[in-house]
Amino acid sequence: MKENVVIIGGGVAGLEAAKNLHRLGYQTFLVEKNKKLGGHVAIWHKLFPDMASTKAIIKEMVDDIKDVTVFLDTQVKTIESAYGGYQIAFSNGVNVHAKAVLVASGFELFEAAKKEEYGYGIYDHVITNADLEAWMNGNKDQRIPAAPKAIGFVHCVGSRDLKAGNSQCSKVCCMTAIKQAIEMKERFPNAEVYCFYMDLRLFGKKYEDFYINAQRDFGIHFVRGRVSEVSETIDGHLQVKAEDTLIGRPLKVQLDMLVLMAGMVANNQIKPIVEQAKLEIDSDGFLKSSDNITHIIESGRDGIFYAGACTGTKTVPETVAEARAAALAIHDYISGL
Amino acid sequence: MIYEGKQKIWSDYQKEIPDDHWYYVRSCIRQNFFPASERMFTEITQKVLGKDVYETPYHTTCGGIAYHCDTIPQETVMTIVARQFALMTEAGYENYCPSCITSFGNYAETLETWREFPELEAKIRENLWKACKREFNKPKYLAHSSDLIYHWREEIRKRAKHLLINQETGEPLRIVEHIGCHYSKMFPHKGVGGAEYPYVLAGMVESWGGQVIDYPERRHCCGYGFRQYHAKANRGYSLSNTHKKFESMEPYKPDAIITNCPGCPYFLDRWQYVIAEQTGKTYGENGYGIPVFTYEEIAGLVLGYDPWDLGLQLHQVAVEPLLKKMGVEYDPKAKYLGLNKEDLMRPEMPNSIKCC
Amino acid sequence: MTNYFDELMKDYRFREGFHTCINCGTCTAICPAAEFYCYDPRKIVTTVETRDDEKIEALLKSDTIWYCGECMSCVTRCPRKNGPGLVIMALRDLSIRTGFFTESEKGRQILPLTHALTGNILNYGYCVYPETFKWDDHKESGPVFKWHLEHIEQTMKRLGANYKGKGPGVLRKIPQESLDEIKAIFDVTGGTERIKQVEAASKKKAKEMGLTDEEYERRAFEYCSDKHFNK
Amino acid sequence: MIDRIPSGFHPFVIPFLVGMAFVLLYCFGAMIRVLYELSWQDRKKFFLSLLNPKILLKDIKDIFLNCLIHVPLWKRNKLFGYMHSSIAFGWFMIILLGHIEVLLFVPGRINLFYYPIFFNYFVAEDDVTLRGSLLFFLMDFFLLLIMSGIAIAIFRRIKNHVFGVKRMARPTFLNLVGLYSLWAIFPLRWLAESFTAHISGGSFMTIPANWLFRQFLGNELNMLPTWWAYSIALCVFMCVLPFTRYMHIPAEMLLIPMRNAGLKVRSSRKGFARVEFFSCPNCGVCIDACPMTVDNGNVKDCTVYLTRQLRRNNEERIQEISDKCLLCGKCEALCQVGVEGPGLRILERARRDYTVPFLYPAGDKKVESRKVLYFAGCMTHLTPAIGRSVEAIMKKAGIDFTWLDEQGGLCCGRPMFTAGRIAEAKAIVANMEKLILESGCDTLLVSCPICYKMFREQYNLPGVEIVNYIPFINNLINTGRIKVEKSDICYVYHDPCELGRGCGMYEEPRKLLGRSAGIAEAGHNREESICCGGSLGSLSLDFSQRENMTKAALNDLYTSNADAIATACPLCQATFARYADRPVKDIAEIVNNQIL
Amino acid sequence: MIDFGFTLSKSSTVDLNKIDHSRYDQLVKLVPTARMCMNCGSCGATCTVSEYKGMSVRKVLYGIQRGEDVKAMLSSCMLCGKCTMVCPRGINTRNLILNLCKLYD
C-alpha cells in the first residue's frame, strides 16, 4: 500500500491530478465542498477553442477517477503538519494522514454586484458569463428575453480594476465574451451584439480566429471602451454608457440584455487552510508559488503542491497540464527524488 | 428593477450619524436662493426635534465655489476650512454639519487630503495661526444636513401632517431624487447609500410615503459646473445637462423632484423655465413644470408648514400642483405677500411655463 | 518654470488624481462636459502622461482644460483610481500661475470669475451675494427672482432670514473681524497674490487684444464662440 | 468552260445572298455608327489618313499580314498561326480564285454576286486546259488548306492544351452556331464540288471524291442538296456573324486603319473602343496571359470577357471585370489584335460617379533648389531600402540632389489615374508639376516605375528631364562616377509590369544588374513577365485573392534556380517579400552594396 | 422671446440606436473585408495624407459606424494604396475608400 495523498478541490485540476496520482499508485482522497464534481467548468456549456461539450469532458474525467476516494459536500476542517506529512480532518469526520497535499481549490467568480454601476442584481436583464453558460446548459433564466434584439457583453468586470480590488487581467474573459457573443448571435441571428472591451487579449491557440469570425461572419460590434454605467429605461431596456475611445466621444446604446464578464478572483474559502498550513498569499490575492516561472506548482512548503487557478487565472488546458505536472511532482516528492 | 438588490447596496453604505450636538454651517447659494430652507432646517432640528444644532455668526463661506471656479488656491480654501473647524472647536463641538454639498465635498476632500499628506495639514495649521491666531481640531463626524434629516426621517414621519401620497388616487407620489455630485461621487463611503444608488433622499421619500423614481440619467450632474454657470458664456453647458436629465425623466411623469444640493434645485427649477422659454417644452402636467424642492421644503410640507413660510414662492416652477396632490392647504393670495401681509406686487408671469 | 510635469506633481490634487491611465474611457462616458463640448477628459490625462512639456504647454493655453465642471463624476468610476477632474484642477492652477490662461477664450473667464467670487468673499464673506447678483446678467433666474431682488428686504424678512442683520441666521452680516480674518488668510495663503496675478496677466492680454479692461472682462464673461461645440 | 445553267441562277443561292446582304448591311451600319461616335477631330484624322498613300499602304499591308496571314499568331504559336491563316488566307484565296475563274471563263457573269462562290455548279467543262487545271488545282489546294485548318480547329476543341493556349473563352450558343456553320462551309463546298466535278471539272480533292461518290450515289440527284447545304451554311454563318466573335473579321479591317490613323480610345463604350471590342476574336490568349487566372480562378474577368460584356452592355459584369484587373498589361502585350484591356478598364472606371470630391491635401509647399530632384514615391516608404540605396549611390557619385517626398511631393497621381478618377489624377499632376517646376531642378529622378510611367505619360515638365533610376545609375557607371564590383550571388530579374510593358524598359535593368551580380531569367520574362499580384491596378481583388497570384509569379521566378530575386519596383518587392523563400532585392540595393 | 445669452448645445454622445447604418451596410456588401478592421491604426500610420488632413482609413471606417462626418478625410485620399499593403487583416482599404466616395449623396 502506497502513501495517502489529499487533493483539495474537485474541479478539473483536482480530477486530472486524482486520475494521475491514482494511476501512480497512491491512495488518493479527493475532497470537494460542493455536491458535484467539475467545479466552475461543470457550469459551463462549451469550451473554446474546440467548442467541446463540457458535459462530455467532465463525464470522462469523473469516469477516470472511479476508484479514487471522493468526499463530496466536504471541507477540510483542520490541517496540521505531522510525522513527515499532514494530518487532515474533514468535515465528514474522516481523518487522513497524507504524505502530500495538492491544493486545487481554484478561483471564485468575481461578484458582479460589486460593480454597482452595472446593476447586476438590480436591473432585470443583467446577467454574468456564468449565468449565460448555465442558461445555455438548459437552466431557465427570466433575465434573458425570449428574442433579444440587442445584446451587450462587458469585458473586464472585476478585472483590471483597482477599485474592485483586482488589478489583474482574468485572461479568459475576452475569449469567453467572443465565444458567447458568437453563440448568442447563432441563437439570435437578428440581434445586434456589442462587445465593450478595453483591450482584446486573445492570446491562445485559435483565439484570434474567433475574433475574426465574430467580426467577419457574425458582424459582432466591438466598442473600445469600458462601460461606465448601466441604467434601466422605463420600458425595461438597459441604457449602457461608455466612451468610444477610438473616436473619443461618449457613446450610449439601449440593449435588451447585458452579460457581465465576471473575472476570476482568489478563492477566499481556503483562507483557513492557508493559515493552518502556513501558506503564503501573493500580492494578487492568489496562493503564492515558490516562483511564478518554473515552480508555479510548488508552495514552498514541503509536501504541499498547487494546481490550477488557485495560483492565478488559468485556462482549462493550462489547469489540466498543471494538474498532471503536480501529480508527477508529488510522485517525485514522495519517492524522495 | 429589483428593489432587493438596491437594499443590499444601501446596507453596505451606512454611515455613522450621531444623534445630537451638531455644529451647523450655512451655504452661500442656499441662503441666496432658498433662504427659508436653511431656516426650516434649524426650525425642524431645534424646535420640532429638539436637537442641539449650533450656529455661530462668525462663520463664513467655505470658499468652495470660488475654489471650484479655480479663483483661489487650494491652500486658501483649506485655510478657510481650517478656520471654520477652529470656530467649531472653540464652540466645543466635534460633529460638523454643512448645509452645502460643495462644502461637504470640500470638507471631505480637505480631511482626506490631510490624512494622505499630513505635511499639508501642518502647513495649513501654520497658515491659520499666522492669519487668525486660531487652532482647531478636526471634526469627529462630518455629515451633510440632508444626512441629519435622513437620520431623523422617521421622527419627522411620526409628526407628519401630510404624506407624499396623492390624496385623490391614494397612490404614492412619484418623486425623482437628485443628489449633489460632491455628496458621494468623490468618496462613496461618505454618503448614505454610496455613489451609485444614494439612499439619503430616497430614504426620506420612502419614509414619508412617496415612491422613488429611478430613471436612466438619474446619477448625472444638473450641470452647475461652477464656472460653467458663473461665466454667462458657459451657461449653455449647464442648461444642456439639465435638459438631458428632464428628457430622461419625462416618461416617468414625476410629481416632484427632491434635491440635497444648493445649486441643483435652483438649476433644475430655473432651467425648466429657460427650456420652456426657448423651446416651448414643459415637463409637468398641463403646461406646468415639474416642481423642484429641497429636502427641508419637503420635510416642511410633510410637517404641515405653510408653503409660503417654506419659501416656495421663490420657485419659478409652480409648486401648487404638488401641494394640491398632497392635500396641502394654502392661500394662493398670500403667495407674494410680505411678512405683515403687505402687498409686494406680483412677479411677472413667464411666457411658456404655467405659473400661479 | 521649465518642467510643467514636475510643477504639476507639486500639486496635491494632481498627486491624488494622477496615476496610470488605462485609456478605458469610463471618465469620458459619463462626463457632462464631454457630452456638450468638444472634449475628452481621458485625452487630457493621456496628454499629461506623455510628460511632454510642449504638449502640456499647449494644454495650458487651450480651451480644453476649462470645459470641466468639476462635478468629479469621473472620480467615482475610474478603475485605476485616477481623478481626471483633479488633474484638471491642477492644470488650471498651473495655467493661471504661468499666465497661459489668457491664451484661451475660456481661460480668460478667470478674470470676471475672480472678481465676482473673491470680491464677494472678501467683501461679504459669501461666495454669492444678492447685492452683486445682477438680474440682467442672470435672466435665467426668472421673473420671480427679479421680484425677489426688487423686494429683497421684505421677502427676506418674510422668509425668516436675518438679511444684513447681527447674530446668526440666513444672510446675516458677517462681522468685520471675520472678514478681516478671511483677508488675512488670503494674504497668507497666496489668495491675494493670485488675484493680482490674474489681474496683471489679464491687463496685459487686454492690451494685446486692443480692448479696455472693462471690455475685456465683459467679453470674457459673456462671449462664447461656437468652436467649443459639436457640429 | 461554259455556262451550264442558261439563267445563271438557282434558288439555292438565295440563302447565300440573304446572308451576304445582311452581313454587309450590318457591317456598313456599324461602321457608320462608329464613325458617328468618333469626335470630329478623330473622324477628320481618320479620313485624312485614308488619303495618305503611305498610311493607306500600311493599312493594306497590316490588314493582309494581320487579318489573313495572322503574323502575330505565327509568332506566338506556329500551329495556331497555321490554323488561322490557313482558314483566313485559304478562304480569301478561294474567293479570289473564284473571281478569276469567272473573269476568265464566263466574264459575262462577273456582275452576279454569287457566281464566284457557286462557280462549279453553274459551269460545265467543255475542254481541259492547262490554265483550268491549274486553277482547279489551286482551288482544291486552298480548300485542302482550309480543311486542314478546320481539322486542327476541331482537334483543338477536343484537346486544347496541345496548343499552348490552355483556356479559351466559353463560347455562347450563337458562337457555337457560327463555329459549326464555319466548320461546315468548307466540307460542304468540297462535297458539292465533288458531286459536280464530273461536269464542271476538279482536281486532286474533288475528282477522286467524285469518283468515289459515283460508285454508290446517283450524281445528279445528290448534287443539289449539297449545294443547298453549302449555301445555307454560308447564310447561317453570315447571319450570326455580327453576333459572334467572327465579327472580329470585319471589325479588325476597320481597326487597323483607325489605329494607323493614330486614333486613341477615349471612351470605353463608343467609337474606336467599339471597333476594338468588336475586333476581339475571343482567342483566349489573354486568359492564359492573365495573372489572375492562376488555378483557374477569375477566368471570366479576363479581357476576352470584358469585350464580350461590352458588346452586350452587361453593366454589372463590366463593372466587376473592370474593377478586378491588375492592369499588368500582359493581355494587351500578347493580344493579336491589340485590344487595350487595361486602357478600356481605366476608361470604364472613369465612368463612375463619385459624390465625394477629391481635394488636393497639401497646401503651398516649396522644394529646395537642387540639380536633381529625387522622388521615391509612396510605395517606397514601405521599402525604405530602395530610397536609402538610391540616396547612398547619389552621395557616392557626388550628385547634388534633394528629396521631393520630404518636401510636399505626395503622390504621382498614377493610383488615382488607374482608379479611373482622371480629373482628380490631373489635379494631383498639376500640383506636382508646379512643385517640381518651381524647384528649378533639371532632372527628376524616379525610382518607382509606377510613378515613372505617370511622369512620362501625364506630366508636362518643360526643361526637366524625367529619368528612371536604372538608366541613371547605369549612366553613373558609364561615366565612371561610381564603380561596381560583381557579386557571386545570382539574381533572377523580375520585370515589373509598369517598367517593362509599361515603359518598355527591359534591357537596361538587366545591364545594370549584370554589372553587379549574376543574372538569370524567369520562365516568363520581359513582355511575358508575370505580375507580382500586388498591383494597385486592381480595385476589388482582396489580399487573400492575390496570394496565389504572387505565389505563381514566384514559382515562375524560382524556375531559374537563382539565389535571390531582383526587381525594380517597390510594390513588386514588398509583394514578393511576403511569400518568397529567398531574398527579394531592388536593383538599387544590389548596386549600392557592390559599389567599390 | 427672452435673450438669455446662451442656448442648448448639441450632444456629442454617439447614440448607437439612432445612427443610420445604411451606408456602412452598403459598404460591407461592396467590400466585405471592411468588417475585419481591428483598429490597429497601421493604415493611418503609413498614410501620406494623414500628416496633412488626419486621414486614416481606420477613422473613416469607424467614423461611418458612429455617424461621424468623414467626408473631409475621404476627400484627401490619393488612393496610393499603402494602407492596403500594410493592413494586417488584408482589408481592401483602397477599394473601401473608393466605394465610400460613391456612397455619399
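We just call them A, B, C, D and E in the order they show up, numbering each chain from 1.
The rule we apply is simple: a contact is a pair of C-beta atoms (placed from the backbone, for glycine too) under 8 Å apart; a residue touches a chain by one contact, two chains touch by 3 or more.
Remember, predicted model here, so these are calculated numbers, not experimental data.
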Without subunit E present, chains still joined through touching come out as A, B, C | D
Counting only C-beta pairs in contact, which chains form the busiest pair?
B-C
Which chain is most central here if centres come from C-alpha coordinates alone?
E
Taking mean CA positions as centres, which chain lies farthest from subunit C?
D
Compared with subunit E, which chain's mean CA position is the farthest off?
B
CA centroid of subunit B to CA centroid of subunit D, Å
86
Indicate the whole-number Å distance between the mean C-alpha point of subunit B and the mean C-alpha point of subunit C.
22
Once you find the CA centre of subunit A and the CA centre of subunit C, what distance in Å lies between them?
48
Please tell me the distance, in whole Å, between the geometric centres of subunit A and subunit E computed from their C-alpha atoms.
39
If you look at subunit C, which of its residues touch at least two other chains?
30, 34-37, 76, 140, 222, 224, 229
Contacts with two or more other chains, residues of subunit A listed in rising order
117, 224, 229, 244, 249-251
Junction residues of subunit E - those touching two or more other chains
2, 4-6, 9, 11-13, 33
Full set of chain pairs in contact is A-B, A-C, A-E, B-C, B-E, C-E, D-E
Quick one: which bits of subunit C touch subunit B in the complex? Just the residue numbers, please.
11-13, 15-16, 30, 32-33, 35-37, 66-73, 75-76, 83, 89, 92-93, 96, 105-106, 109-110, 112-114, 116-118, 120-121, 125-130, 133, 137, 140-148, 151, 154-161, 163, 166-172, 174-175, 177-179, 181-182, 184-191, 194-195, 198, 220-224, 229
Partner subunit D, residues of subunit E touching it in the complex:
33, 46, 48-49, 52-53, 55, 71, 74-82, 84-87, 90-92, 94-95, 98, 100-105
List of subunit C residues in touch with subunit A within their complex
22-31, 34-35, 40, 42-43, 76-81
For the complex, which residues does subunit A have touching subunit E?
150, 194, 200, 211-212, 215-216, 219, 221-222, 224, 244, 246-247, 249-254
Note: in the complex, subunit D contacts subunit E through residues 323, 352-359, 361-363, 378-379, 381-382, 410-411, 413, 415-416, 419, 421, 428, 534, 536, 539-544, 571, 574
